[in-house]
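I have a structure here, written as structure tokens, and I will follow up with some questions on it.
Order of writing sets the chain letters: A, B, C, D, E and F. Residues in each chain are counted from 1.
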Amino acid sequence: MGLDAILIPAILFFALGVFAKVIKSDLKFPEGLSKGLSLYLLIAIGLKGGAELANAELGLAIKSIMWAIVLGFLTPIIGYMILRFRDKIDRMNAAAITAHYGSVSAGTFLTAIAFLDVSGIEYETYPIIMMVVMETPAIIIGLLLAALARKQLQQQEAGETVATPWKSLLHEALTNGSVVLLIGAMVIGAISSPEAMEKVYPFSHEIFMGVLCLFLLDLGMEAARRMKAFKEVGVTLVAFGIIMPLIGGTIGMVVAASFLGFGVGGTLLVAILGASASYIAVPPAMRMGVPEANPSYYLTLALGVTFPFNVLVGIPLFYNLSIWYIG
Amino acid sequence: MSCEQRLIQIITSNILENRVKKLFKKLGIKSFTSFGVNGEGDTGLQSGHFDADSNVLFMLLLSEEKMLELVEELNKDIQKGYHHFVFSLNAQMHTPYKCKSEV
Amino acid sequence: MGLDAILIPAILFFALGVFAKVIKSDLKFPEGLSKGLSLYLLIAIGLKGGAELANAELGLAIKSIMWAIVLGFLTPIIGYMILRFRDKIDRMNAAAITAHYGSVSAGTFLTAIAFLDVSGIEYETYPIIMMVVMETPAIIIGLLLAALARKQLQQQEAGETVATPWKSLLHEALTNGSVVLLIGAMVIGAISSPEAMEKVYPFSHEIFMGVLCLFLLDLGMEAARRMKAFKEVGVTLVAFGIIMPLIGGTIGMVVAASFLGFGVGGTLLVAILGASASYIAVPPAMRMGVPEANPSYYLTLALGVTFPFNVLVGIPLFYNLSIWYIG
Amino acid sequence: MSCEQRLIQIITSNILENRVKKLFKKLGIKSFTSFGVNGEGDTGLQSGHFDADSNVLFMLLLSEEKMLELVEELNKDIQKGYHHFVFSLNAQMHTPYKCKSEV
Amino acid sequence: MGLDAILIPAILFFALGVFAKVIKSDLKFPEGLSKGLSLYLLIAIGLKGGAELANAELGLAIKSIMWAIVLGFLTPIIGYMILRFRDKIDRMNAAAITAHYGSVSAGTFLTAIAFLDVSGIEYETYPIIMMVVMETPAIIIGLLLAALARKQLQQQEAGETVATPWKSLLHEALTNGSVVLLIGAMVIGAISSPEAMEKVYPFSHEIFMGVLCLFLLDLGMEAARRMKAFKEVGVTLVAFGIIMPLIGGTIGMVVAASFLGFGVGGTLLVAILGASASYIAVPPAMRMGVPEANPSYYLTLALGVTFPFNVLVGIPLFYNLSIWYIG
Amino acid sequence: MSCEQRLIQIITSNILENRVKKLFKKLGIKSFTSFGVNGEGDTGLQSGHFDADSNVLFMLLLSEEKMLELVEELNKDIQKGYHHFVFSLNAQMHTPYKCKSEV
């Protein structure tokens, strides 16, 4: 599988976005367009997941959900240990950054689905449910690590101990807009009658791929814009943004293939769940819950490093690895 | 008829919009104007693509005293690490009935 | 007909929007998205109405239009008398509020159409023409009542009499953006050749239901946000926001079934015309023509009370009433 | 080269945008800046969903005299019940050719 | 071919937009919507062109491109000579204005395609490639004419000679957002597999006509708004805005029919390439490269005069002329 | 804790946005706020439909000296024919850590 694999419109539009900014084109999206597109994509994927859920095997669904939670807790802890190795990155930033890797980038996940759709490869739909589940555990781990760090810092400084406002932070994590939208759309997709859903399909299914192209074009420009901050972010973090998806993706692949018994398609999707870093659900939670961390770090990593890496390298890589691993 | 007031402007992350509105409520401030802005600063590029990288600007006309109360509350937040960018200017209010009432 | 009836995606998305705000989620639509969606919906419904109009029976069409005008004049007058009973609400606010009930909420009307479409119930299309017609009479009544009130107030105060600038106010009412868009799209739908219209259908018809879902999601959030103002608006007005649609809807039902001879589907639609309160066309007209009234009152009522009431209760209620009434 | 001017800001409902622009025209004011804002106030929440619940902010640099004329016109409107929120600030204009001309 | 020809929804929506502003309706599009719509249209036309390009005859494609370049250089020079005749318009404004006429209005071109599609008339697709090519030569001519003018002026004033920053201006012209988007979408359309493209079609092809209607509605309003500036712009320029498309369209027609051997459909499209004036790609280039010119002039001409003239008169006119010319 | 600064506002065409940002970079200015606005002026209607007819407003809090440097740079541009609309106001900065640093 060569270059051909990524010659699908969605990925090409992403590349076009990056290219436009690299040649310093003045191409620009109007305010609000990307927000609108990402609302659309979350609803569409939620409806799709819900409709599938209605036909899902309960046992495997529950098993998937449990593994999703494990993934969501495990990846950030590994990430944190890497970032804290030799005290490279301070505690607060390490906590905030790694939380992003425990969660998921819907854009990357959808690109992987587009990749499978266009290549005509079948895939299990449980990963869609896993994606929804994975939005929150990572946030909780991030807040927890930050709270611990905060305590340690305050003991060192012997200053007054500021209690972490757990209740409001957890509320924030669980009522995050994208979480509510995904779960809501999923429930609607599951309880609506198939006839009713069919009327929504031209909107949610048929134009989906085209809307994804538009979204990725914009994200390509945004990724390239973020790349300018590489210098400020430093080589350690940029390296982390490439190593972490490799680790997370490998764990995801093993979980999907060995523990959930998925085929190549489903395995690629879980690998991408593991590999990708959230840039919609987690950043707000960290802004709110870990104000001491610098948003520039985590946004640059998630959008400027890991996202383009996954779209351009991660998807074909884990696709080939999955074929090899599953045999 | 007109009166002297302070125009205070607060630029903060979209994420913290409700946090700031709660401060208004706490201080009994019921009137304000707000709109979305982009920006760059210590916390990096705020390009307006997602909630997490969008800013909001609040614009309030207040009496000097009320403004100082608000600044104090905002500074408590700033000490916790939140990035609110706050400044004020002297203004003259020209809407007559807005001069009668405090706040 | 039980809960099932409202388990259609459009209504579920509305409920999701309300739910999101009730649990204080930070879900948010970007600036301009709802304005864009509502432009789209007006165009789509206009085109549909126009295409149908081309095949309409002239006699029945004219009869429908005349009854629409009657409805548009009658409901606000009834509403005004209710609000002025024992001087509960001052004249200016009463005039402005009731004007909203003489006009129509396109969102509610479209939800009723979605309800019928999904349930596979046939309906007459004359109500679409009636909807367009009903946008203006209510505005005129509102302005008239306010002008009378203004005169009375000025006589009491013995101050200088400010003449109501009728010409500019009527111009405003008749050139209101949504009125122009609806009528314009209707004319275009009527005069374009069927082959030409077919090229527009994927946009105006096929993705319609999905766009409506998105719109109702946003309106659900907005409705919930408005509910917070209940306290300021007071119990009288909130009660009015529930009673008025019951009255208006009943009148509409009788008109449709007894005077226009519509079936259950068409009767439901006219009932909803009677029951719903405008939040797009009338508020601007009142802001302009009755500046003395408080926009907070009429927006809270139309969006925060009557709209959710109609979507969640009114539609299934009048559907069952129509079945019962028609026999 | 720079000169003293007044910065007047007018916040009003979207619906009244053309009404205010007509006042500008009446006074011979040809230059202004405007943008959409949200807000809360005596007339309730202006959340920007429809024209009826959106605000617009006008920003004008004017000479003191012209500003007072404009304020007077706006106040006539306010007395009729229209809610225009109007305030002004002292500003220094730095675009040279904008200092030469009046208005 | 009478009035019938322009009774297609796209043109009717344009007329509705003009009408709305003429009757001073408060109809308004939300911020960013037209920018979003025009991004969509550029992508859709680019993809279409690219897919066609993959099947194009190389010889004719190259010949088309060369004639496109000739057209792009020729029309602005003719325009400049007209405007400079008896020194009617100063050099800087003449250069900036005529550059717009060498380039193309995508909106007009798409309306012409809609016109052909709806009328069931076949057309060559080479004009799509020509459209992309024509975006830049005109900009270069405009900058060149302005640079010459600047030199002459400075010699007259004996002031210091400001060198034209050619490198940055050419960069600007070639990396202009709409140019990058069009060429990028074209390349993507050409290299993506047909199966992949098919998934994008519901978005890029099927809803296309409807989106175009929405866009033209907005542009109709904008055109009418610009018409108010007629007085300031003066009668010479307004006349130029009508004469120039007649000249450019005639040249385009001759090129297409006589030199490229196109049928009526393709000939109409090239005539429209010649007749139309850019309002997306060229104005930014002129703002940047010819700051001395008044944007009000060229925007009023392109949007307020030539665009409505072409949509309402030019398309049917050149259609009939093409039939007559080709015989 | 607060300090005196200048609030400078620059209104220019969207097309010139990057041009102005380059000036910021040249002067070492890293923090600013910006948002899209509409307007009318000598260069006609800026109604926000396309990039070419949209305006952007930059808002910067700077020290007096830095502001004058920026004004000087902008004026060089204005002399070349570019239409930047520039004015400034006296402001009081209330975010404590923004007072320590210059720029």
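As a convention for this text, a residue touches a chain if its C-beta (ideal position, glycine included) is under 8 Å from a C-beta of that chain, and two chains touch if they have at least 3 such contacts.
All of these numbers come straight from a predicted model, not from anything done at the bench.
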Required minimum of steps from chain B to chain E, each step between chains that touch: 2
Minimum number of chain-to-chain touching steps separating chain A from chain C: 1
Far-end chain from chain D, centres as C-alpha averages: A
Same-site or different-site touching of chain B by its copy chain D, using the half cut: different
Rounded Å distance between chain C and chain E, as computed from the means of their C-alpha atoms: 41
Inter-centroid spacing, chain C versus chain B (mean Cα positions, whole Å): 36
Distance from chain F to chain D - Cα centre to Cα centre, in angstrom: 20
Computed distance of Cα centres, chain D from chain C, in Å: 33
Multi-partner residues of chain C (at least 2 other chains): 26, 28, 31-33, 35, 177, 202, 206-207, 284
Chain F residues counted as touching two or more neighbouring chains: 15, 35-36, 42, 51, 89-90
Which chain pairs touch, all of them: A-B, A-C, A-E, A-F, B-C, B-D, B-F, C-D, C-E, D-E, D-F, E-F
Residues of chain B touching chain C in the complex: 15, 18, 36, 51
For the chain F and chain E complex, residues of the former touching the latter: 13, 15-16, 19, 36, 42-45, 47-53, 80-83
Residues of chain E that touch chain F when the two form their complex: 31, 34-35, 38, 162, 177, 218-219, 222, 225-226, 229, 232, 279-280, 283-284, 287-288, 290-292, 294-296, 299-300
Chain E - residues contacting chain A, complex: 31-33, 35-36, 39-40, 43, 47, 171-172, 175-178, 180-181, 184-185, 187-188, 191-193, 195-197, 199-204, 206-207, 284
Touching residues on chain A, where the partner in the complex is chain E: 7-9, 12-13, 16, 19-20, 23-33, 114, 117-118, 120, 202, 206-211, 213-214, 217
